[in-house]
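Heads up, the thing below is written out as structure tokens.
Order of writing sets the chain letters: A, B, C, D, E and F. Residues in each chain are counted from 1.
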Amino acid sequence: MSVMVEGGKLDKIILGLNSEYDIYAPVLKEKRGRFSDTDLIKYDKISSIEEIVWDKKSTYSPKEIIFPITQRLFYFTGDKQTEVIDNSKKTMIFLRACDINGISRLDDIFLKNGIEKDVYYQRLREKVTFVLMECSSSFDNCFCVSMNTNKTDNYSIAMRKDKDQYLVEIKDEKYNDLFKDKGGKVDFQPQFIEENAIKVTTPDVEEMPQTIYNHEMWDEYNARCTSCGRCNTTCIGCSCFTSTDIAYEENEEVGERRRCWSGCQVDGYSNMAGGHEFRKTKASRMRFKTLHKVYDFKKRFNKNMCVGCGRCDDNCPEYISFSKCINKLTEII
Amino acid sequence: MSKNPFDFEKCEILAIDILTDIEFTFRIATSITPNHGQFCQVSIPKVGEAPISVSGAGEGWIELTIRSVGILTKKIFELKIGDFLYIRGPYGNGFDLDILKDHHVVIAGGGSGVAPVRTLINYLYNNENYASSVDLMFGFKTPKDILFKDELEKWGDKFNTIITVDDACGVDDGVCEGLITKYVKDIKLSEFSKMKVIIVGPPLMMKFTALEFMKYGVNKDNIIVSFERNMSCGLGKCGHCKIDEKYVCLDGPIFSYDVAEKLID
Amino acid sequence: MSIDMNVKKLTKNAYRVTKHRGKTALRIRVPGGHLKVEFLPLIQKIAEKYGNGSVHLTTRQGFEIPDISFSKVDEVNKLIEPILQGMEIENGVQIKKTDEGYPAAGTRNVASCIGNRVCPFANFDTTSLALKIEKNIYPNNYHVKIAITGCPNDCIKAHMQDIGIIGTAMPEYDIDRCIDCQACLKNCKSRVTGAISSKNGKVVRDERRCIGCGECVGKCPTSAWTRNPKKYYRLIIMGRTGKKNPRIARTFMEWIDEKTVLAVIMNTYKFVEKHIDTTLPKEHIGYIVDRVGFPEYRRMALEGIVLPPEAKVAKQITWGGYQYEKDTFIK
Amino acid sequence: MSIDMNVKKLTKNAYRVTKHRGKTALRIRVPGGHLKVEFLPLIQKIAEKYGNGSVHLTTRQGFEIPDISFSKVDEVNKLIEPILQGMEIENGVQIKKTDEGYPAAGTRNVASCIGNRVCPFANFDTTSLALKIEKNIYPNNYHVKIAITGCPNDCIKAHMQDIGIIGTAMPEYDIDRCIDCQACLKNCKSRVTGAISSKNGKVVRDERRCIGCGECVGKCPTSAWTRNPKKYYRLIIMGRTGKKNPRIARTFMEWIDEKTVLAVIMNTYKFVEKHIDTTLPKEHIGYIVDRVGFPEYRRMALEGIVLPPEAKVAKQITWGGYQYEKDTFIK
Amino acid sequence: MSVMVEGGKLDKIILGLNSEYDIYAPVLKEKRGRFSDTDLIKYDKISSIEEIVWDKKSTYSPKEIIFPITQRLFYFTGDKQTEVIDNSKKTMIFLRACDINGISRLDDIFLKNGIEKDVYYQRLREKVTFVLMECSSSFDNCFCVSMNTNKTDNYSIAMRKDKDQYLVEIKDEKYNDLFKDKGGKVDFQPQFIEENAIKVTTPDVEEMPQTIYNHEMWDEYNARCTSCGRCNTTCIGCSCFTSTDIAYEENEEVGERRRCWSGCQVDGYSNMAGGHEFRKTKASRMRFKTLHKVYDFKKRFNKNMCVGCGRCDDNCPEYISFSKCINKLTEII
Amino acid sequence: MSKNPFDFEKCEILAIDILTDIEFTFRIATSITPNHGQFCQVSIPKVGEAPISVSGAGEGWIELTIRSVGILTKKIFELKIGDFLYIRGPYGNGFDLDILKDHHVVIAGGGSGVAPVRTLINYLYNNENYASSVDLMFGFKTPKDILFKDELEKWGDKFNTIITVDDACGVDDGVCEGLITKYVKDIKLSEFSKMKVIIVGPPLMMKFTALEFMKYGVNKDNIIVSFERNMSCGLGKCGHCKIDEKYVCLDGPIFSYDVAEKLID
């Protein structure tokens, strides 16, 4: 069922949903950008459809909703340990096709890699309803089409903003009631981006030639990359984390085990206890990331990790283009 | 609610064996029965967690040989018998015993690389005819770094055992001086095709020892290595131990060298 | 006719007495240092027709057009009307007679670094504040030097000014967004004041050590650090070069808002007005403060001002700098 | 195509990474701050066609043209060829490829006050020395800031530079021409260091107190005071703003000649070359001196130099300035 | 007798004269000007005609030759006093008509005012031979024609520089021999400036109206004049001095009485012992000077003191024009 | 060689009369015979020279009443009887005695202005009928500033003498309080035309006293004033004492008020 709903009415639906759902969407945080007087667009809870930013790409992906930047695993109180169990509401996430596809990569790791499921992820993930935000046009640095992530049918609701009106497809019928009498039926199916300005060809090999390991193509990144890790933190697919135990400062008897995002580009990520660092150079880290995103993940999960959202390129302070790096790699092979 | 794979077991420390200044073996009470070469995630809550190879196992206990290299291991070293360690696991694949059966097995270890193969050696020691022949080669930095001295002597009774130190520090202790690669030639290398070489130790030691054996005709696929990485979750989630498409905590730490050498990190 | 030029009037008209008899140089103000290039042809024309075809770019971000004959001053004044119009009057500066050149030169061009119109480190739009200040204080014959810098790096050398305004950021920390990459910590340690330390896998900012450069925000890959959207300023005062006692400006106020900055500046003029020793050729504000004492300056500078709650004000200041001899100020 | 810009190369090309994604700003050097106005139309054109129609006048006396797209950098580089030609190459600076923009940006534009081409107080032609220095040190990637000021009044703020060059006058006194009007004495006392005192109806200059401003010469109505025609310089070093330890430059050498100034600068580059910690993003010279120590700097700076007899060299230096916390340099 | 002499030959004459004469002329002191890299032109001894600056006016007048800036009157050695007696050679001064006329003003004061002659002046003055330098054109700020000082016949020799040649009139026959055979006879008589760009009218009154005393015309000088005294020190006519006794620092038993130039514009000039200052304001000093130069000197000596050399205007750092001041005064009366 | 007018005479100090804390009278041996109202240039070599009015004269001596106001006079005050002062002069015109003959003479002095008229008063005192009548008016700041007290008393015997002080400091000493202008009315002012008024003192005192007398009908040309300037060379050369076309050292210090008032300084 598809309907055309006015913003005001949509807000009422959202208000109604709020008792059951935390609704997340990309919103604008005024003057919270990296530079003064610049804004930040990130995922946060909304209570009005007006809060959603449609015309710009968010800096951070929605992954932090289901894979929080900091996530407590256990609390320790004296000798006792308590598993931290999330009791939050269900979540409804407004997001785009690339990010929906991105979340499937997270699912691969957290739910399918190895024997065990990551229960912390699983618990959050299971609460999620996807609301697809239709992309009216390709943003800077997007290359979803090349990555086959421009499309998805993995959503419950899809939406297009048309000035003050919203075209809504309710794919999961359980949401039909919500929209009943809220707008006229229309013939709406979300459209997907069919072409990006940026086109990427991923390496199409069974096995990466060993020569790539020390290939000079990586060398430039030693000088260019500053290991800031933004390509990891803004990536929808990056799922690495580091666990830490702490005792609280106010009472050392109490503490927690938590995990935080980490990333292969960040200093210390590949350090062993004792100090050995496997990937010391920025070139080696770039190689690791690149191969992971467009080669070895695929060997394991039959799809590339990278979904071409382009956030790495949007945010690299050193203007390193990942799409260009992929193409360079492919060309070399 | 699904079972939480991050959950861990509280285990009493049964014995502490001080091997060197910085290497202790802790025997803890647990019912797990790890394979040879597997590891556990060992922790002290509010301090941290680390992957530690299982270096011994028996009825109701395992042994963990721990090297003091960081905050957690320093804290562990402060524990006494009767205190507790917290573990989850075992993780990793462990050695495939079947492929060793009736083969000439060479086990080459460097430094604390001896720990993960200790249970395997003891198995071979206790099952004398499982392998057709066993050679042991262990390299340490200096005489005082030599681990499992008593067992090395014991093993030496049955197996050809070469112990080397990089620097003898002027002590003539019956050990050889130099890298173990130097002594590969001293191993009886008659039956290349059936020889199984297990190498455990630092990355470069493993690489050059493997190359040395290959020089003498041992096939890559008969060489087995054990990777050390900072396995953290042990569950294939956290990403720290990933090399190429492999997750060391899931697919390793034991790899056939022909697979291992091709992994692009 | 012999030249009979009241050079005091000439210098108040933003011309200077040069080394060359009967030749002067016109100083064109560019408040905030930001210039629409449409004014360049006029500057070129004046330099070519009345000067020697060259200009000097001043360290206060103005143009100085040298080698103009005294006799051409009136003509040049008429010519620069569009500059007064476009760069002063349109910005709200009150100039009654627009064809008589600059009405004062004592208060120098308000200089500013390029600010956050361009620079990634700047915490605010320095040029806009420069224009606001220019509007409030110009024309004025008191010799006061003001410069504005977008961050504590102080590229404009506000530390050498009577009044230096440093844009500061109040960094706010979302502990749950922090991934302990320590980019902020390392940067702060190596490039700033080491105000960030590591604690339990997160970081902690020592607010008494933080100088508000905002670089932690710039370094943070997760937006765990963001700027409080409010603009904060540090006001440093009474820096100077000069032949007597070159010294860097010292912090007078921290974490104040723009309103306070502007009010303190206006009060500073009142202080000068009240305390200047008019028997001297032109007593600079820094020397007045030295003579009258910081407490009196502080009292007058704060008069009528309701400070924002975050604001901090220096109770006393130790000036330092060069004192060439023990009796530099004992005469 | 996605932007893949090696920003380190870009910044070495005298462009800067700005706050705006994909936009840069070109910095045009104006060595010595003195500019033939014939270059203005080109600057205007670039600003209008590639920028936003505005320029920022930098505190180092250059132009900064903001808002240029990364993609236009090559085009702009071709356009500024006449500027490189006229302001650098004609001045003796070696630039191999003139259509690729500025070959380096680390060593900043050599700034200078207007000097004795115009200013009655300046003791020499600052711009000419700036051009000589520019020729010797540019292009160079080491981050070094040099400014030249015509007299110890230091209008250019040489006290905030890595290397500040202050033109000094060696005043010579003809006792028989002195009429004891005390104009020099009064001026020196009120505006300078009080180096002149009255004795037996004439005046006496305390040469250890005299900072060589030359104002006594300017004040003397009988030419009893004249400048020794030789040019003398004071070299002050390692002043800076910055977020760590803003401080004024301190005197390294006094009463040296131009040859020595130039040689010390070249030696300073050798010092940087030898001691810079290349693991840091760009270690500024002042911090290298802090780390390595003044004695080693002094040793290298003086290497191979035969000092003129009047020259004086600091044996040690106390730097001072802001140290925000007691552990500013204890880390 | 008039001759045309080459520079080289003139130099030989000068060398010949040097045994008997100190020859003074305006010479260039490189980079000794008030501003850096500017030159000073002042009187000094020459040994070559080349040293003479013809094309510019000297900053200081030749008066310092006969009225030294500092002149010792007595030496005191213990209880003894010794009159300082000048034993220098005769002097020959190259100078212009205005300065020759200016020296006549000095003569008025030092030799004619009061009963006594100033012997220190007299002794130097009597040694002087004037060599008139012909002015080829009027310099900036000159107004000699208005002051009737453009002409003189009070010279022994007159000279015009004509590139490398010099036209010389030997008016005092005792110098004829010097020039014999040194150049061809010519018909040369020095020409005098007949018009200046600047014209001055001096007040033509028997008695200055009392209203001038407090007239507002002087007020502007309060703000403009800085009492630097250059108008006094560069003036050919200013003859004021101050006497001082000193004991030498190295031996207080020995000392001197000397006199130094002083001037009505300089702070302290009109101070009494005890502190009273008669002319405190710059306006009053300007009034005093002006009336002295173009009014009261004339009452006493029948000629104005000012000779219109314009040096005061050349050198005033505040660009106060004395010629303009005179005209203003005259206009007011 | 011409005689040097700057040359000076070495004179022994014969007596020192301490008048006040800062005013001493030095009697020195010299053969000069100054007119009433003339001054000398008095010096100590290596210290300086200053113009001092002659306040007394006799056979082979003169008296100089000196006020300690500067370095030189301070030094002079340190001298003792038998030490030397150095003088040249006398300089200036002095009073014209002739015009006083048979006139009513009023002598008004302020402060140290008494010194230059002292010899004149003593002349009139000793030649009682030279003037038809003599009034003396002397103003001082306070009672302790009063100069020549004994003589004032002596003169008072013959002449109508008014002594005033600006501030009596509470002492009732028979002196009047207030400026002397206040007491002009107390002088017998019957014969304006023949009255000669001599005024010596600070410039403003002279001006207002003259105006006061003129108010009562005394003609300008019957008022005589004595100028104090910093006469330095005494010879009309150095310029310090010049007022208008007059050189005080040559043409003064004594001026008829009708001339003096017109001088534009």
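In the analysis below, a contact is a pair of C-beta atoms (placed from the backbone, for glycine too) under 8 Å apart; a residue touches a chain by one contact, two chains touch by 3 or more.
What you are looking at is a predicted structure, and each value in this text was computed from that prediction instead of being measured.
Separation of chain B from chain E in touch steps, taking the shortest path, is 3.
By the document's definition of touch, chain A and chain F have no common neighbour.
Among the inter-chain contacts, the highest number of C-beta pairs connects C-D. On a Cα centroid basis, the chain most remote from chain E in this structure is B. Distances between chain centres, each the mean of the C-alpha atoms, put B farthest from chain F. Chain A and chain E have centres, each the mean of its CA atoms, that are 92 Å apart. One inter-chain figure worth recording: chain D and chain F are separated by 67 Å, centre to centre, where each centre is the mean of the chain's CA atoms.
Centre-to-centre spacing of chain A and chain B amounts to 38 Å, using the average Cα coordinate of each chain. Chain centres here are Cα averages; for chain B and chain F they lie 122 Å apart. Annotation for chain F: no residues touch 2 or more other chains.
Multi-chain contact residues of chain E, defined as those touching 2 or more other chains: 35-36, 242, 244, 246-247, 262. Residue positions 17, 19, 116, 120, 122 of chain D are each in touch with at least two other chains.
The chain pairs satisfying the stated touch condition come to A-B, A-C, A-D, C-D, C-E, D-E, E-F. On chain B, the positions that touch chain A within their shared complex are 1-8, 43-50, 67, 69-70, 72-73, 202, 228-230, 232-233, 235-240, 242, 244-245, 247, 249-250, 262, 264-265. If you check the complex, the residues on chain D that touch chain E are 116, 120, 122-125, 150, 167, 169, 175-183, 199-201, 214, 217-224, 226-227, 229.
Those residues of chain C that touch chain E in the complex are listed here as 1-8, 17, 19, 21, 70. On chain A, the positions that touch chain B within their shared complex are 73-74, 76, 81, 83, 85, 109-110, 113-122, 207-208, 210, 212-213, 239-247, 252, 255-257, 259, 262, 264, 269-276, 278-279, 284, 287-288, 291-292, 296-297, 299-300.
Contact residues of chain D toward chain C in the complex are 16-20, 25, 30, 33-38, 40-41, 43-44, 47-48, 53-59, 61-64, 66-67, 111, 113-114, 116-120, 122, 127, 149, 151-160, 189-194, 209, 211, 213, 215, 241-244, 246-248, 280, 320-322, 324-325, 327-328, 331.
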